[in-house]
Structures are given as structure tokens and as C-alpha cells.
Amino acid sequence: MEADVMFQLKNIQKFFPIRTGLFSRVTAHVRAVDKVSLTIRRGETMGLVGESGCGKSTLGRTMLHLLSPTSGESLYKNRDVFSLSTQELRKLRRELQFIFQDPYSSLNPRLNVSEIVGEALSVHGLAHGRERDERVKEILSVCGLAPQHAKRYPHEFSGGQRQRIGIARTLVLNPEFVVADEPIASLDVSIQAQIVNLMEEHKDQFGLTYLFISHDLSMVKYISDHVAVMYLGKIAELSSTAALYKDPQHPYTIALMSAIPSIDVDAQKKRIVLQGDVPSPSHPPSGCYFHPRCPYTMERCRIEEPKLRDIGGGHLAACHLVQQGGGRL
Amino acid sequence: MGVNELLQVTNLSSSFQTEDGLVRAVRDVSFHISHGESLGIVGESGCGKSVTCLSVMRLMEQNGRIEADSMRFEGRDLLSLRERQMQKIRGNEMAMIFQEPMTSFNPVFTIGFQLQEAIRLHQGLNKKAARNASIDMLKQVGIPRPEKINDEYPHALSGGMRQRAMIAMAISCRPKLIFADEPTTALDVTIQAQILELMQKLQQEIHTAVVFISHDLGVIAEMSERVMVMYAGRIVEIAGRRNLFKDPKHPYTIGLIRSKPDMEIESPVLTPIPGTVPNPLHTPPGCPYHPRCEHVMDICRSTLPELISHEQMHQVRCWLYDQQGAVHGS
Amino acid sequence: MRIYILRRLLQVIPTLVGTTFIIFIIINAAPGNPMSTLVDPTISAEAIERRIEQLGLDRPLLERYGVWLRETFQGNLGYSTRYRGRPVTDIIQSRLGPTMLLTFSSIFLSFIIAVPIGVISATRQYSKLDYTVVVGAIAGVSIPVFFLGIVLIWLFALQFGWLPVGGMMRAGARYPSWFAWAFDVLRHLVLPLITLTAAGTARFVRFTRSSMLEVVRQDYIRTARAKGLSERVVIYRHALRNSLLPVVTILGLSLPFLFSGAVITEAVFAWPGMGTLIIEAVTTRDYSLLMGTNLFLAVLVILGNLVADLVYALIDPRIRYD
Amino acid sequence: MKFIKAADAGAPKTEEILSPRTIIWRRFRRNKIAMISLYVITVLILLAVFAPMIAPYERDDINLQYREQPPSAEYLFGTDRNGRDLFTRNLHGGRISLSVGIVASSIQMVIGVVLGSLAGYFGKWVDAVIMRITDMVLSFPFLALAITGAAILGPSIYNTMIIIGLLSWTETCRLVRGQFLSIKQMEYIEATRSLGFNEIRTIWRHMLPNAMAPILISATLIMANAVLIEAALSYLGLGVQPPIPSWGNILEPARSMDVLMRMWWLWLPPGLLIFISVLSINLIGDGLRDALDPRLKN
């Protein structure tokens, strides 16, 4: 069991200081990620969903030490990524890759495709010269791009093609684990499916493990084996995809799912419309962070923060209402 | 077509000059909308859905050109109106809600000022009456403490609240027609649900016709009675909501539906449309969708199909279908 | 916003101290001393030495700066050697009026000329008019100030004889009335004012135009049009207000540039202001006077920037929420 | 396993590879005014470089018999009060004036780029310190201090170059800092970290080249300004010292009304030469701005 754990996150916190006043003293913190624990197994895709500002991207960056953590541990194959030296970390980067959201700002406009994709090969001493060019062309074709594209510059490509270049840049290093941060959010609908399918293919072909970050519950459902739902820096619910979508437990997850418009014009949807805005992560509400918007709020929710508990079969939820074995009071 | 039509657009084409050449954003688009009706326009970026609405409101940038056989709004030909007369219609009889709530308000004026501007202009109310009217509007769109928000600058409001204020501004003069250009795209799902609910409620209350633009089929399915699908500047399919989603005809519409998983419909595979959205500077000859189409025939590569009536109220632009509704090819 | 203002005020202090210290060092790094240009043979060597001691010129640099700073805070900028011991503050005071008259009327004039031109040019981007304005504005900043001054003098003073060659008043003139005096000053002001305003206007035209072009692209301008506002209201109420915000900052940042122009203009037209004073001080190695004028101009620049920033904070509602 | 051949359908159409540089040059070439300016400044630079070969006389040759001669076939631009040929001196003056401009703006570029990139990349206290220094230099009364500096260091070509360079780097510094701050936000910079690149590679290969465009524009404007300041200083007698000619000091005698009135050939040509060269440099800068600013594409 332990052997196929790829990443184990323990109580990860990431706070951003807010400086105010005359001398810019730190007066508060944005609690972007607040005590998140998560286990990702080899070969699976963990979906991470939530609305903007819930901390999902910050978690993805922090666990790879692209952002320095406030506290916690991020164990990759039992090595704590946070305690590695700069040199060790740089070496490890080959195995841990990141796919970015914006295909426009994620490619250096001054470099051609071959340089963008191939640079890391040289830096990590994996291939040089001719060999490097060959590897680049190979990976481009795996990503659905033609070899003659190698000499062209990013501005000549469409959004979807640019995202393919970004994926090629990570795959060329033959990584073990990839964090994909909203890789399809800025693409056209008809292109999104291409990219998701491409990632699915690569997963089998290269034996990858993904953390797939998205705000799109329907895409996450399609690609993930497990799904974690985040709200205000905390995990609200975590379960296998099948169980989560079949029987969501946390009132937030339920509302989130019901809020997605469907093209099924016959379905009689009982929509739950949450009132109010998402509270600011610098001044989260007391007790359960979700209580001001929750349709089922009780007195206890205002005071006591619910723990993320297993309600059976590895389905975890952080809600006072949710009981062992599922079902609500 | 009935006499009840509010807007009738015939063969609208819009283009604008760029450094790299002429972009023909909208080509020969014809559609109509009746009083109180809701029409959805769906398509991907650059398909011409926004430009269509901007053209009707004559809000294209300086380098834009609009041509049409006619563009009648309640009997008046919008193309032949003077700019002065057009200004009387804009914001008064026809209003628009934009995509980016964060940038669509002028940062240096209060929310109230920007609402009252339209109210005073079109309804000739005095300052005090306009202020009361604007507070009323804010209340109507569900903004808490409207008196206070009325005097706030846009900066102090969240995205969802700003979009509510934008809606308040759009409905403030009881327009007969509202163009909503991707009004929820920049918002989170839970906030989107609030805004969609609000818009449905308001449309029932004030009985306005709405043209709802979105790239999201789900949103369109929820908000529109009739749906128009656009691709590369042209209408490829128009149908009633039920027909379009239950019995789509154009391969592009079918492709769009299949390339996005739906929460209500179980499907194990995701079938993307191959290729990319065409560059508006180089649209393919013939049917613009032919390079991506799985049913492509020889004729598709050379000749553009007409928009034909497949059934009552169901039009499609594709060589697979003929006037009688028979299906060609496979 | 109160914190923003306070922080901005606090920032001024190190800037002021740093600026004056650097100026102090530069001036004191000079070889020679104010006495070396004193060629009056009747003064003995001992007297010079005594004078040097009196002025504290033999002390270490830092100490002298300390003394100077303390004195400055008490309003004492030292005594001029050139003007035979007159207090520097006195001399600067007498020169301040003419400089202020010249620079402020130039700022005012460039502003009211430039803003409409910039706005009209921006609203007709790519038109012939816009093209002309852009090229004209670039030409305006490319003319050497002194050359423009020379050409104007040659043309209007020497060839046509319409306007005086220089100075601020006729030498030794006595005026029958206040009005006659004002008229004469005005006649003397025309050419230097045109000279100084040309470049300033050109700069402001470019800023206004580009700022306006930026604003006209914004979403809220489209919103304003969609409301049915007339083009005039859209441009002059919605766009202009926003595009003038950065221009306020630019006004503050333009001060060093403006004073530079004023120095040359004054030199060309023998206008009795700070510019001619600084050149006098340089040529006579009058340290106290040099220090005083530099300091004074530096303070003006710093305060000008400060005022511009504060005005900006007042008129931009976004800063209120920071 | 099926590969999606999708993207091939939308492959770039043109045969030619359009690098960002090609595109910029293409756009610049379309700007007629900027191209004319480029030719003008090239001619002026060539004249300056080959001045000793072109000039009909020795630079400082005094011929008291031919003092204050108006332009003629023999003396194209006339002679000055010492009987020196003004055509020759204007040619050589360009040599001096333009090199002061180039050297001074190179000095400020180096200071500005180094300080600006340090401030922008490292932020925090490095940024705070550098920005305070910038504020101080920015609040110097520019010309007053240049005059003061020139008087104290002693007027000469080299001191003029150094003074202008030392006083005018602030704009570049702020610009580079701003560029670095915004480029730092780009995902391709984050990507260099996720790919395990070191900071030197990130700055040198990924940040600087992308920050170059506005630096280049500003460099042209600052160079134009440097030529103007040199001229002003020399005109006031505080810049380049005779007998070495510069466009500024050639017309210094025109400070006397008598000379101004009688000898138009003394001050008109150098004045126009300064104007034309500064104008060309500014117009090139403006053309560059249009070519480099993607937003103007519309």
C-alpha cells in the first residue's frame, strides 16, 4: 500500500502576508491554503476543484515548492520536498512538472518551439545538439504537432496548439508527476476536449500521475480517479470520483454541482443557489468557513470547525451534518 | 414571419480592418427576435457572436464596417438612423450587459452616478428622482444596502455585485431588448447561478426580449428559448432549444455537444472536434467547417451551403441536408 | 488614504536629505575655494584665511554638512561671496518672482493648449490631423531651447523690432502707472514664455494623447456608449477625466525638465531669475549661492512631485480603498 | 492508441519563419517617416565619421584674412570670427556632439539596466534602496546640477559625457524595473523554475530579452536628449571647450546680440543640425514604439 503512494501532503499551510499601515507591518494573512492533507497514489489522477481564490492553484504550487510553504510537509516518494537544498530541488524538478493555465503567457515569445521544448533537456544534461532536436521532434509529434513546427515562434500558434507546446515542454523531461493548473480554462470548448484526451493518452503512455486543478466539475469528473473539493483554503470533501458525483455529502459540493448548467433540457433540476459572495480568505468566518452561505447552518457550525472525517469507504467530508456511512441529519 | 417582431436583421455583414488585413467577423447573418423572447447565440471565440450584437447597436469600433440589407427595430431601420437618434435608442430601448464586470464600470464615478446618467438622459428625471430610481434598481437586482452601494465607487464591489449593478443599469430604462454578452463568463459557478437566476426572474417581471451570448452550451440551454449557433462569422444552425439540444443537425453543433461532458448526461467518452478554430483572416473556402468535419464531402470544400429550413423553425447550413429534410451521404 | 498620504509625506524626508547631501558633496568636491576667485589685491592672505575659518571651510565634510543642514533648517543658507556677504536666502528671494512668473505661466499655458490638442488628436487616431500633431509634437521636443530662443530674438526683436531682446524691464525705466509696468513686463515675457512653452506643450500633447488612446480602449467607454451617451459626453466626461489622472503625475515629474528649460531660457533672454543666478554662481564659484539655488530647485521639484501625488490620491477613488 | 492529428490542420500557413524580430522590422519599415529619419541620421553619422576626409580645411585652421565671411563657394558655411571654416567645423562638431550623445546614453543604459533589473528581480530591500536612490536623482534639478557639475569637474568632452550619463539613468532604471516586475508575473518565468533552471539563466535568457523593447525605445529618446543637453551646456560655455568644436559651442558667440544680428551663418546651420539630428532620433524612437507595441496593432 505504502509503495504506491507518490505524494503525501501533511498539513500544508500557505499564508500570504497583508501589509498595511504606515510602516507596512504585517497585520493579517491571506490563508490561501490552510492545513491541507492529501495522498496521491502512483498512476492516478487527483482532481482538485473549487472556485477562484479557494487556494487550489496555491496548493499545487506549494506542494512542488514553487512557492515556499508556511508550514507542513510534502513527501514525494517519502522525501520531503520542502527540506531539500536548492541543488537537490533543481535536480528533482525533472521528475515533477507543471502545466500552466495561460497558453499565451506560459511560452517565452522570443524563443522558438524547439528552444522552448528543448532548453530543459540541455539544462538537465539529458540531450544535446542533434539528439536534442530528435527528442524535441519526437515529443512534438506525440503532442499532435508537426516536426516542422519546431522552428516557429509561439505567436504563430493558436491557444490549443500553444497548450500542446507547453505540454511537450513538460513531457520531454519524462516526468513522474505533473501538476496541471487549469490547463483547459482559457481554451475554446471544442479544443478543451482535445487537450484532456491528449493528457489521458500521455498518462497511459508515460505512466504519469496527475494533479488536475480545475474549476470545471464536469471535466474533473471525466478525467479524475479521485476528487478533492476545496473551499477557502480547506478541503471540504474528498472521495473517489464515482462516489463523489453519485452521492456528494458536503452542502458546498452539492450546491456547486447543482450550479452547473446542463444541456439536458428535460431534466427537472432543483438548483441550489448559494447566497452571497465567497468570504475573503484573509478574514474567514468563524467555525465552519462555509456556514454563512450554507442552507443547513446550525448553531454548532458557527462555533466549531468541522474535521475532515472518513464517512466510509475513503469518502471524506468536513461537515457537522454528515454522519458515518453517509446521509444527512 | 409574424408582425410581432421586435428586431429583424437581414444579411448583416460586419468587418474591420486590421494591420494584417480585413477581418470579416460577421457574414450574411439574418435573424429575428420577438417581444419578450429569449434568443441564445452560441459559438467559440471569434465566431462573430459579440460583433453581431455590437453591430446591431452600432457600437463597432471606428475601423469597423457594417452592411446589411435591413436591420429593423420596431419598424425603424437602424442602419439609416442618424447617430443622434441611435443614441436615443441605446440604453433606453436596447441595452447591453458586458462580459467583464470588473472593467465595465468607470472607476472614477460612483455606481449611482453611472446608473443615474442613463436614467436622467432617457427619462428626463431630476437629480433626486433619478437617485431614488437608481436605488430602486439596485434593490431590484438584489444588492444589499442599495443606498450605501449607490454612493460607492465600483472598486468597492465584488465581481458578482458589479454584474448585478450592470444588470440594474441595463434594465433601468425598461428596454425592449437586452444584449447579454457572456455576462457570467468571468464569474464563479456559484455566482453565475445567482446571476442566471436573477436574469430569469427579471425577464419574467419586465418582459424584455434578451439576446444571450455564451460559449457555454449549458448556460444557453438554460437561458434561451431559441438558439442560434455561429461558426466563422456565419449562422450554421438555428432551432428551438429542445430541437437544438435533442436533435442537433449541423456536425459542428453535434461536435460541440459531444466535446463537453455534462453533469446530467452520462457519457464515457469525450469526442473532441479535431483541428482549430479558423483564423478570421483566412477562413477556409466552401463550408468553413469542412476541414474539421467528419462528414466532409467534395462539395463542402468548394461551395458554401445555404441556410435551409430543415423543419419548421429549424434551419441548418450543411450539404448533408436538403430542402426536404432528407439526409445525404452516410 | 490617510495612511497613503502620511507614507508619502514620510518618504519626502530621506529623499530631501539624500538629495541635499549628494549636491553638497558634489559642490564641495570642487578644487579651489570661493576665495580663489577673489582677486581683490587689497585683501591680505591672513584675511582670506580668517574668512575661510569663519565660513567653516576647513572642517571635515560630514561636519560641514551637519552644520549646513542645521543652519538651513533655521532658514540660513549662508552668505554669498559674489554679492559681498548678502544672505543667500535674500538673493534667491529676489530671483524667485521672475522664475515663478515664467515657469508657472508656462505650465499653465502648455496645459491649456496641450490638453485639447491631445484629446482631439487621440479621438481621430490615424487621421491626417493626428499625424500632423504627432510629428509636430516630436518636433517640439527636438528643438534646442536656446536655438528656438535665438531664432525668436533674431526674428521678433532684431528684424522686426516688435519685442524687447531680453531682460524683464527696460533698464532704468520709471513707470507712470502700475498698468504701464505690467504691460512692459508682459512685453518682455512674451518671447521667453513662447520659448519655454513650446517644448512643454509638445510633451503634454504626447502624454495626453497616449493616455487618451489608452483610456478610449477601455471597456467602460463602451459601456458609456451603450448607455446612449453622446460622443461628446463619452469623451469629455468619461474618457477625459480618466486620461487626465496620469497627466497630473506627469506634471509633477516634468518639473526638473521644466526648470532645466527655464535655466536656458533665462540665460538666453537675460531673464533675472534663478537660472541666470545659477550661472552667475557657477562662474564665480560662489559655493553658498550655488548650494542654495540647487537646494532650492531640488526642494521645489520634490514638493511638486509630492503635491502631484497627493492630488492624484484625492482625485482617483481607487486609492481610497488601498 | 489513436493520436489526434488535430493540430496539423491548423498549422501556420506561411513558409517563411516569422521571428519576433522579423515582424518588428517589417512593421518599422512600413513607417515612412521613421525610415526617412533612419536615412537622415545614417547620413549624419557617416558625415561625422568621415569628417576628416570630407572637410575642405583643417579643423582649427585660423585664417585672419577671411574672418566673418558669409557663405560662398569657397567657404560653404562661411567663416567665424577667427576665420575658421564653418563647414569644416560643423562636420567635426557633429562628430563630437553625436559621440557625446552615444557615449552618455550608453553610460546611463548600463547603470539603468543593472540597477533596474536588480530592483525588479530581487524586490524587497534591494528594490527599496534602489528606488530611494532613483527618487533622489530624479529630484535633482537636472540642468542646474549638470551646470554645477560641469563647473566643478571642469568643462570638457569627457566630463560632459559622464555628467549627462550619471544624471539621466533614472528613467531607464524605473522602466527596466517595471518591465522586470511585469515579466516576473508571466507564467513562462514560473516555468523556468518548474523546469529547474537557475536564476542567471532565467534573467539572462528569459527576462532581459523580453524587457529589451521598451529599453530600446527609451534609449533612443535619452540619446536625443543627451545631444540636446550637450548642446545646451556647450552653448553656455560649460560643455565642450573650443577649439574643439561641437554644434553647441559653434553658436556660442551668438549670445552676443551683435553677432546674432550680423552673422546668421554662424548660428543657423549648427542649430538646424542639432534640430534635425535630434528630430530624426526621436522619430526613429517613435517608429520603434509603434513597431514594438502590439496594442497599437488594433
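Lettered A, B, C and D in written order, each chain numbered from 1.
Keep in mind that, in the parts below, a residue touches a chain if its C-beta (ideal position, glycine included) is under 8 Å from a C-beta of that chain, and two chains touch if they have at least 3 such contacts.
Note that this is a predicted model, so its numbers are computed, not measured.
Each chain gets a centre from its C-alpha atoms; the one nearest the centre of all protein C-alpha atoms is D.
The interface with the greater count of contacting C-beta pairs, when A-D is set against C-D, is C-D.
Placing every chain at the mean of its C-alpha atoms, the farthest one from chain A is found to be C. Taking each chain's centre as the average of its CA atoms, chain A and chain D sit 48 Å apart.
Centroids built from CA atoms put chain D at 23 Å from chain C. Note: centroid distance chain A to chain B, computed from Cα atoms, is 32 Å. Rounded to whole angstrom units, the spacing between the C-alpha centres of chain A and chain C is 55. Looking at chain D, one finds that residues 4-7, 10 touch two or more other chains. Chain A has residues 158, 160-161, 194, 197 in contact with two or more other chains.
Contact with two or more other chains is made by residues 272, 274, 276, 279 of chain B. Listing the residues of chain A that touch chain C in their complex gives 20-22. Chain contact summary for the complex, chain C toward chain A: residues 3, 6-7, 10. Residues 57, 59, 62, 83-84, 87-92, 95-96, 98, 100, 103-109, 114, 117-118, 121-122, 153, 155-156, 166, 169 of chain B are the ones that touch chain C when the two sit in their complex. Listing the residues of chain A that touch chain B in their complex gives 51-52, 158, 160-161, 188-194, 196-197, 215, 217-219, 221-222, 245, 255-267, 269, 271, 273-275, 277-278.
On the chain A side of its complex with chain D, the touching residues are 64, 66, 89-94, 96-98, 100-102, 105-110, 112, 119-120, 123-124, 141-142, 144-146, 148-149, 151-153, 155-158, 160-161, 164, 166, 169, 173, 194, 197-198, 201, 204-205.
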